[in-house]
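Per-chain residue numbering starts at 1, and chain names A, B, C and D are given in the order in which the chains are listed.
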Amino acid sequence: MKIGFVGLGNMGGPMVHNLLKAGHALSVYDLNAAAVATAVAAGATQASSLRELVAGRDVIITMLPASAHVRAVYLGADGVLAHVAPGVTLIDSSTIDPDTVKQVAAAAAQHGNALVDAPVSGGTGGAQAGTLTFMVGASAAVFEQVKPVLAGMGKNIVHCGDTGTGQVAKICNNLLLGISMIGVAEAMSLGAALGIEPKVLAGIINTSTGRCWSSDSYNPFPGIVETAPASRGYSGGFGTDLMLKDLGLATEAAKQVKQPVLLGALAQQLYQLLSQHGSGGLDFSAIIGLYRKQAD
Amino acid sequence: MKIGFVGLGNMGGPMVHNLLKAGHALSVYDLNAAAVATAVAAGATQASSLRELVAGRDVIITMLPASAHVRAVYLGADGVLAHVAPGVTLIDSSTIDPDTVKQVAAAAAQHGNALVDAPVSGGTGGAQAGTLTFMVGASAAVFEQVKPVLAGMGKNIVHCGDTGTGQVAKICNNLLLGISMIGVAEAMSLGAALGIEPKVLAGIINTSTGRCWSSDSYNPFPGIVETAPASRGYSGGFGTDLMLKDLGLATEAAKQVKQPVLLGALAQQLYQLLSQHGSGGLDFSAIIGLYRKQAD
Amino acid sequence: MKIGFVGLGNMGGPMVHNLLKAGHALSVYDLNAAAVATAVAAGATQASSLRELVAGRDVIITMLPASAHVRAVYLGADGVLAHVAPGVTLIDSSTIDPDTVKQVAAAAAQHGNALVDAPVSGGTGGAQAGTLTFMVGASAAVFEQVKPVLAGMGKNIVHCGDTGTGQVAKICNNLLLGISMIGVAEAMSLGAALGIEPKVLAGIINTSTGRCWSSDSYNPFPGIVETAPASRGYSGGFGTDLMLKDLGLATEAAKQVKQPVLLGALAQQLYQLLSQHGSGGLDFSAIIGLYRKQAD
Amino acid sequence: MKIGFVGLGNMGGPMVHNLLKAGHALSVYDLNAAAVATAVAAGATQASSLRELVAGRDVIITMLPASAHVRAVYLGADGVLAHVAPGVTLIDSSTIDPDTVKQVAAAAAQHGNALVDAPVSGGTGGAQAGTLTFMVGASAAVFEQVKPVLAGMGKNIVHCGDTGTGQVAKICNNLLLGISMIGVAEAMSLGAALGIEPKVLAGIINTSTGRCWSSDSYNPFPGIVETAPASRGYSGGFGTDLMLKDLGLATEAAKQVKQPVLLGALAQQLYQLLSQHGSGGLDFSAIIGLYRKQAD
């Protein structure tokens, strides 16, 4: 397939490499010259504008930081929709608000293009290993069409429903994740303060009704899960500021539909407190630091 | 073994039957004559006082509603410690605050008796089926001694550490459970309001980082897990008022050690709101009703 | 003064009348023909476009529902800045986010116009009576210049600092107001549930350290303050959805600067719950209904 | 009047002095010999037991740290009710839970004594100056009888209703106070982060709908109210651990009647966080430190 790819950051860069490895022809666009050079060295073609990028492509993929960038790239005066041929499929893998997806998709539909929202989970590790999960919002027909492309970058390609539902799936999952992690932090901290051995407590939780990914695979208490960020000073992993961004999307989407999310909003504020105190770059499981008098 | 058993309620009653089936000799005590009659019909001997109950027993087991009852039964003027022989092991399976456990255990130790806290999870279903999980606080030696007795009533007999840690394990797990359930309720309600099919969303969460028992085994959204209370009008299961009791124990224990539990305290208030509105007898997953404009 | 006024809603309409009464010459613009007709009947001149509106004016005042309208009116291709003469002072009395104020003010400054943010408090009653409070963000010199104009519509004209601080003052005050009202609702509901006479409790609070406007002037418990919405079924007053809008601005502004607002975010969710349940049109003190088993 | 006084701590000590100044005859009891010596030096008579204390007294007053002490002093085997003559009025000025008041009052009534709950506000400063506020739970007749005695120690003697309502009034007021203070802390911190001058913001709040005692008389932001603890490093004032105690009483009483107090419970956890971090001895307005990146 001839693919145009916009956005060569920590996620987009490795995704491009995996698409090249899968045998696709790629033109790429990014304002960061070094990132472009890396992609070109791996076999991609540099496009000097979005107009150039979209020329002769079957599929356009975007991987951008936030809604404003997605709007600019697709809807800008010199953006994708101004130049792309009708019929070309557009895949946005950015994590953004469902409202923006719907607006861009409506503009794309008017122009004769299907827009697919396909946000990912799995982080930079998954992007590099090609094991990302894609949560895909698209009609059934378009989903079947994009699935092989996405399979070049990920392991689980999940159809969530029509356009927009990919974002909904991602922000709902991460809303729950953000809450669960704090729940585990509170349970582990309370247990430690009351004198139970943390490893024993985690073992009980993991085989009981408190069982969850945040406890059994990513426990925030140091020394429980060897591969978790908690066991290496909370470096790497899923940054607190990224969790903040996703919780911001969740509470904002909830506001649009007047849906209360009480624990979610409080969780957002707690990560905000952590970030304000200078730990926005640490893995989000560092939230347990708020609950403990001193480091372990 | 010769066992004295105090407290023949919804949990204690079936536990007695399973102990009888396991071949133990039981004397029982309860103020409820009907409950005693049922136990006697199954082979137990009625004791007309705690003095009579403890006579000649190897082990005493108590299964009582709250701390006040435990204090009364053990420490009362005519209670267990006033009459039991030194060396007899005392097992309290009630769910109560760790402080009370420590106080009663200290009194028991002075009298020459080891007190074991062994609260359970698994509910009335687990009590009847003999598949309860016991979270046991005891020295290693005493744990080995009581394990065979508990095995007559349960499937998982977990050693949590010294006396008191059984209660700590239980309240920490249930603190997390109470939070997770509301997290799932918020995520599912938000997803539904934003237009994703609830079954699809649950499927994604269950294979992603939001994965937890409250979602994959006990989802509060109707129709997701067939065996869950949500699929039968929130009847049966683990009552909201029981969850409230456990969250009350958790926040109270947290207060004693000045350990903040922010989400936990908010979760407690939300179940309290549910109970105030008349749903204290429904399963605790009914909390999702607070988040949805109308029933499904 | 020759004033151009955009936005003749529930607030803008009466403000125009008061400016006319104060002797100013007004041209007005609104998409609602009926609102324009009312203003014209009172002595204003109708402008059929923003271009026409700004012609020959000394001051432009805007009173619009939200940030998007303010951006459109000032920055639109055919908007105020496209046609207004340099030197004309621009006053925006809408309640919007401080970020938008700064962006519009920067564009205005480039064009040679000072933009003043002057959000109000006092509601439609204050707009009609000409007793509004204006919270004004402007340089000292510009503040002196606009003060007499604002004095035609309000009683307290408060200088909050440079451009943008008017909005900051308003959203910080309303953040506190939204929290205080729920605090009073919780205290009054708890007192009533514990058996103290509500009037007696309010009297004690009002002369003690719990004293606040939400208790002494606007008590949410029915029958305490005769003139409060609580004493007339929560009609009139400051609508729950307007409080929600302001709390949304506060938490959004807090997010921009990574400032945690824990109680504020929880308060927002509680009003969102109230609004979801169909009471968004009631006065925000109706939040007490969430806390009481039955109406009084 | 012949008064027996139990509890000569930071509050009780100065209260005794004021009663002596008012011309009453006092016998006093406390385990702290130094405190007793001070009272005796001021004219009180030492009682070596509660039996001795109550002999020949018209009124007994107790000022104790917590419910357990009140139970022990009144209900203990050698306590007040074991020895006091029927008809003597009992006044408990401790701040405790309403449930304990009712239980002790019931026991007192059986013995022929009226028990009055009369918790105070005003702190050690008010105790010394004799300007305390007494919130009194008593029948109308008993209130008239104890009013002159209380007037010797305080300025405002408020009748709250029947026995128990004095405690209800105090915990409801302090519940609101604990919430308001955090509300002010959030509003002031947000304003400062968004660039408004804190004094200007406080001035606006104090004349607007956010107006409250926590802002106009006790502002937590340094330098706003000269006499407030915030302007002297949060020393003196009303300690965080005392606020924690009162919020604990409020949430516990709420639990008894299944009354949700969502902001109240979150406020309690935030003060608990502050106390855990070592600031339990600072004035409760130090909570603002949680919200600010650096001290001012």
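Here is the rule we use: a contact is a pair of C-beta atoms (placed from the backbone, for glycine too) under 8 Å apart; a residue touches a chain by one contact, two chains touch by 3 or more.
These figures come from a predicted structure and were not determined experimentally.
Asks: Could you see whether C-D or B-C has the larger number of C-beta contact pairs?
Replies: Result of the comparison of C-D and B-C: C-D.
Asks: Farthest from subunit D in C-alpha centre terms, which chain would that be?
Replies: So the farthest one, by centre of C-alpha atoms, is A.
Asks: Centroid of subunit C to centroid of subunit D, CA atoms only: how many Å?
Replies: 39
Asks: From the mean C-alpha coordinate of subunit A to that of subunit C, what's the distance rounded to whole Å?
Replies: About 37 Å separates the centre of subunit A from that of subunit C.
Asks: Averaged over CA atoms, how far is the centre of subunit B from the centre of subunit C? Could you give it in whole Å?
Replies: Computed from C-alpha means, the inter-chain centre distance equals 52 Å.
Asks: What are the residues of subunit C that contact at least two other chains?
Replies: Each of 254, 259-262, 266, 270, 273, 276 in subunit C touches at least two other chains.
Asks: Which stretch or stretches of subunit D touch subunit C in the complex?
Replies: Touching subunit C from subunit D are residues 98, 121, 133, 135, 156, 158-162, 164-165, 168-169, 171-177, 179-180, 182-184, 186-191, 193-197, 200-201, 203-205, 207-215, 218, 250, 253-254, 257, 259-264, 266-267, 270, 291.
Asks: In the complex of these two chains, what residues of subunit C are touching subunit B?
Replies: Subunit C residues touching subunit B: 262, 266, 273, 276-278, 290, 293.
Asks: Could you pull out which subunit D residues touch subunit B in their complex?
Replies: Interface residues on the subunit D side: 244, 248, 251, 254-255, 258-262, 265-266, 268-270, 272-273, 275-276, 280.
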